[in-house]
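Mind looking over this structure? Questions follow.
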Amino acid sequence: MKKLLNRVDDVVVESLAGLAAAHPCLVKLHPSVKAVLRADAPGDKVAVVSGGGSGHEPLHGGYVGYGMLDAACPGEVFTSPTPDQMYEAAKAVDGGKGVLFIVKNYTGDVMNFQMAADMLAGEGIAVEQVVVDDDVAVQDSLYTAGRRGVGGTVLIEKIVGAKAQAGGSLAEVKSLCERVNSQVRSMGMALTSCAVPAAGKPTFELGEDEMEIGIGIHGEPGRKRMKLKPAKEIVEMMAEAIVADLPFKAGDEVLAFLNGMGGTPQMELYLAYNDLANFLAGKGLKIARSLVGNYITSLEMQGFSITLLKLDEEMKALWDAPVETAGLRWGR
Amino acid sequence: MKLDIQGVIKALDAVGRSLAENKDYLTELDSAIGDADHGINMNRGFQKVHDRLTAGSYADLGAVLKDVGMTLMGSVGGASGPLYGTMFMKMSSRLAGREELDTPSLAEAVEEGLKGIVALGRANLQDKTMVDSLTPAVEALKRAASEGLPLEAALESAVEAARTGMESTIPLVARKGRASYLGERSAGHQDPGATSVFLILSAILETAREETA
Amino acid sequence: MKKLLNRVDDVVVESLAGLAAAHPCLVKLHPSVKAVLRADAPGDKVAVVSGGGSGHEPLHGGYVGYGMLDAACPGEVFTSPTPDQMYEAAKAVDGGKGVLFIVKNYTGDVMNFQMAADMLAGEGIAVEQVVVDDDVAVQDSLYTAGRRGVGGTVLIEKIVGAKAQAGGSLAEVKSLCERVNSQVRSMGMALTSCAVPAAGKPTFELGEDEMEIGIGIHGEPGRKRMKLKPAKEIVEMMAEAIVADLPFKAGDEVLAFLNGMGGTPQMELYLAYNDLANFLAGKGLKIARSLVGNYITSLEMQGFSITLLKLDEEMKALWDAPVETAGLRWGR
Amino acid sequence: MKLDIQGVIKALDAVGRSLAENKDYLTELDSAIGDADHGINMNRGFQKVHDRLTAGSYADLGAVLKDVGMTLMGSVGGASGPLYGTMFMKMSSRLAGREELDTPSLAEAVEEGLKGIVALGRANLQDKTMVDSLTPAVEALKRAASEGLPLEAALESAVEAARTGMESTIPLVARKGRASYLGERSAGHQDPGATSVFLILSAILETAREETA
């Protein structure tokens, strides 16, 4: 396991410093806690704040900027940030119109954001939370922690961010966020493991001919381990599960998002996207928008995830709206 | 036998050392059914606790444990951060004004801490979490208190109960936390958080033994 | 070595199909040869055409679109394309204002583009070529093949593409291309090897504590193998060589480009960029523009390269000009 | 002994088989000082040549070799594509109108091919390229022609000369092609292109032997 770093304890702060140095017009760092803030915050709009463990870059810090997030709170690698970070970040970007927390559904994230929300509410700041849980690889149940938040998070942050940018109220922004979450489904797979810098070795071992299906974004084991198959079969297996889950129906317009886990060459991502596009065409689903690349990653893990979002007219318009962040940019 | 403020601080330092020594072990356990960070998280948190306690000066145990809780809350992150943070905060409110820890006050405080964890995390017994080792430990402490056992003996029984609870997590299918995403595949592995509970209690027991020796 | 693919011989075509499927508004594929063309080609402007071996994505296909390339000719993985590709692509995008070939300095690329240029010239199409050779890791000499074309290629394609988009004549576009090439310098390093799909195994082996300094973009060995060092020292060693080469002088405005080789987590790229920004500040160089990410890659190789371009006002304006491609996009 | 059109096509098929067998070997050599594709490139090109020649029908050797040259040019890519493509194109113009290959015509054609390679790639002897094995092979063929040796014997001496030339590349520091980027580090490795020249000549010799046997 080789990493580009100086001190293993400093990877997150040094990386944040680099992000801020590279994009001074987009972001600034919070002076006292680890948080990435919009350079022009607070704005006269609902503030959209997210966060979670580091190691998924560009998520979330790379999505801070015009038309997307107002603040991102990065934890240590794969570890939820702490309530003081969300609390301070929210206070720094709240422009009086309230704050929406977009929380990926992990026990740690949910609890830490909840504590921050309680602290803020205690000070009279309007805070709402939406928990993203789009991973069909996880069997859902009332008695468990539910499904993980994965690829759908990126689409949600873009679309919801655009709504807030356009002047949506806190209630509107929250309800859109819930609607998008209810229409988005994802599934991931890995060819290789990632390695948490502080752990110093790969989180899991996979044989030379094996893959892990239903992997999360933290190198946590997936639903099953299988022999490696041709890309087309892998894509079909995953897409089939996704389509069946919502379910997506012939004629639906979708945003098809093929996401790299960080270590997969872009050539392979587009190759897999080709298989996905063919599969969706066969199902009668119409790809109205698409996104291919490394947008929510697991450090150097090789693999990919598929996310499908059932679009409506509002979502399409908000997806197309200008965005200017380190990780996603168009129209500006 | 009781632990005074300095004794409790020593015990917390011992916890920090034990978690540092067991960092890789806990992370290893978390690799199997989680995201390979529990040891790293706990170690980071308790190093911060050590720094904080070294810098502070304290008039009662409530103040000590409040600093511990706040520090863990602000540095551990993940699921274990708010859970352990809450636990120590709750213990702190029970120990406000006290300068010495004896069996009854320890039992009461840890029970309060466990309640905080359950209120926050909503885990039941056998969900394969830290609750599975902390619950029997609390019961052991309460029994020891009702039997009038001294602190060291109380801790001994708590550690043994926690060990059994910890080992009982191995065959379980997780229903809370990150391991629950694995479904059936989570069976056959010991829960990291249940293990850190055991390590924490063991380190406190060590200190209690040294302080009485 | 694990890859997402179907048939190893089809990786390039299937990946191109995926690129075209994902970006139908930006690009189309040539009907008979492997070439990515601007969807709206031919335009009423000088056509800018590049190409080279595949495996460096998003280079070059990802840079076809408004304000950058008119066509890209991908070869097999790490293998120069063939003259028929450049010939057909140039004919398809030539709008009568002539064609500029941007060629990375590899013997194969240079010879193949030269043959295509000869064929086109024979048909009366105005063709000019500029060979990019920005890699300071290679000792330059009259008696050798000279320096490789690496990271500078991305900046050149953007800036030169903007000039052509703005209506520059073939002579102007060519001379700008030469000027940018003369002001840009790069150097790369690798932590791990890449693996050519058809070869089926890593091109080279590096020990767990070793790195390769001065690596190219094809997994070819670099200038030297060294023990792994902290990121700051690696960055300084590379940046020192780059700064000394032009040389860059205190007060110069630069575009600082920290490029990932494909398999390095973005977190580490920003961490290294932080070290680079500090180093350049120490030298009195002013970072007027920056770019951080995977823009010219070597499949799944872990590592990065640094490119510095000495900017002038024209280059800055052309860098900022709108661009809309799969790989680089702003202002549209 | 001469090779007729079918004989030449057989020889080219034998070349294709040999390059397929030696694909990994050539790629291995290219890994050490290049980009690990020479075997893949040559194999792809000569498989295409095989398909093309199987589909075509030919009245003279010039037409055969023109198809070979065009096919290589359009399918090998890299440095070796234009170089070998040019070589066969140049050979083709020398062999236009001929229906049989004998020692003098082979020597002339290959010499012409080498000239094409040098004109395009500008490599000198000892630059560690295919020129280092092709040049001695051409000299051997010319000597054989002047001595009136039959084709098989001429090819035998050409193959031996190519082998020596190929091996002579090992200690050299590359000055042309991708290996030149390595500077001193290119020494100690055999050049892939010089090796493919040797393999091609060897396969032709094999066919010549079979055809006379």
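In order of appearance the chains are A, B, C and D, and numbering begins at 1 in each one.
Everything that follows uses one rule, which is that a contact is a pair of C-beta atoms (placed from the backbone, for glycine too) under 8 Å apart; a residue touches a chain by one contact, two chains touch by 3 or more.
All of these numbers come straight from a predicted model, not from anything done at the bench.
Trainee: Hop distance check: chain A to chain D, minimum number of steps through touching chains?
Mentor: Tracing touching chains, the least step count from chain A to chain D comes to 2.
Trainee: Could you tell me which chains are in contact with chain A and with chain B alike?
Mentor: Of all the chains present, none is in contact with both chain A and chain B.
Trainee: Would you kindly say which chain has the C-alpha centre located farthest from the C-alpha centre of chain B?
Mentor: So the farthest one, by centre of C-alpha atoms, is D.
Trainee: CA centre of chain B versus CA centre of chain D: separation in Å?
Mentor: That pair's centroid distance is 74 Å.
Trainee: Between chain C and chain D, what is the gap in Å from one C-alpha centre to the other?
Mentor: Those two chain centres are 32 Å apart.
Trainee: Taking the mean of the CA coordinates per chain, how far is chain B from chain C in Å?
Mentor: Each chain's C-alpha centroid was found; their separation is 54 Å.
Trainee: Rounded to a whole Å, what is the gap between the Cα centroids of chain A and chain C?
Mentor: Distance between chain centres: 29 Å.
Trainee: What are the residues of chain A that contact at least two other chains?
Mentor: Within chain A, residues 77 contact more than one other chain.
Trainee: Would you pick out the residues of chain B that each touch at least 2 other chains?
Mentor: none
Trainee: Drawing the touching chains as a network, do you get a line, a ring, a star, a complete graph or other?
Mentor: Topology of touching chains reads as a line.
Trainee: Got a list of which chains touch which?
Mentor: Chain pairs that touch: A-B, A-C, C-D.
Trainee: Would you tell me which residues of chain A are touching chain B in their complex?
Mentor: So the residues of chain A in touch with chain B come to 53, 75-84, 106-108, 111-112, 115, 135, 137-139, 141, 143-145, 147-148, 196, 198-199, 203-204, 216, 218-221, 223.
Trainee: Report the residues of chain D in contact with chain C in the complex, numbered from low to high.
Mentor: 24, 27, 31-37, 40-41, 44, 73-83, 120-121, 174-178, 180-183, 185
Trainee: If we count contacts the way the header does, which residues on chain A are in touch with chain C in the complex?
Mentor: Residue positions touching the partner: 1-6, 11-12, 14-19, 21-23, 54-55, 57-58, 62, 77, 191-192, 208, 211, 228, 230-232, 234, 258, 262-275, 277, 287, 290, 292, 294, 297, 299-300, 302, 304, 324, 326, 329-332.
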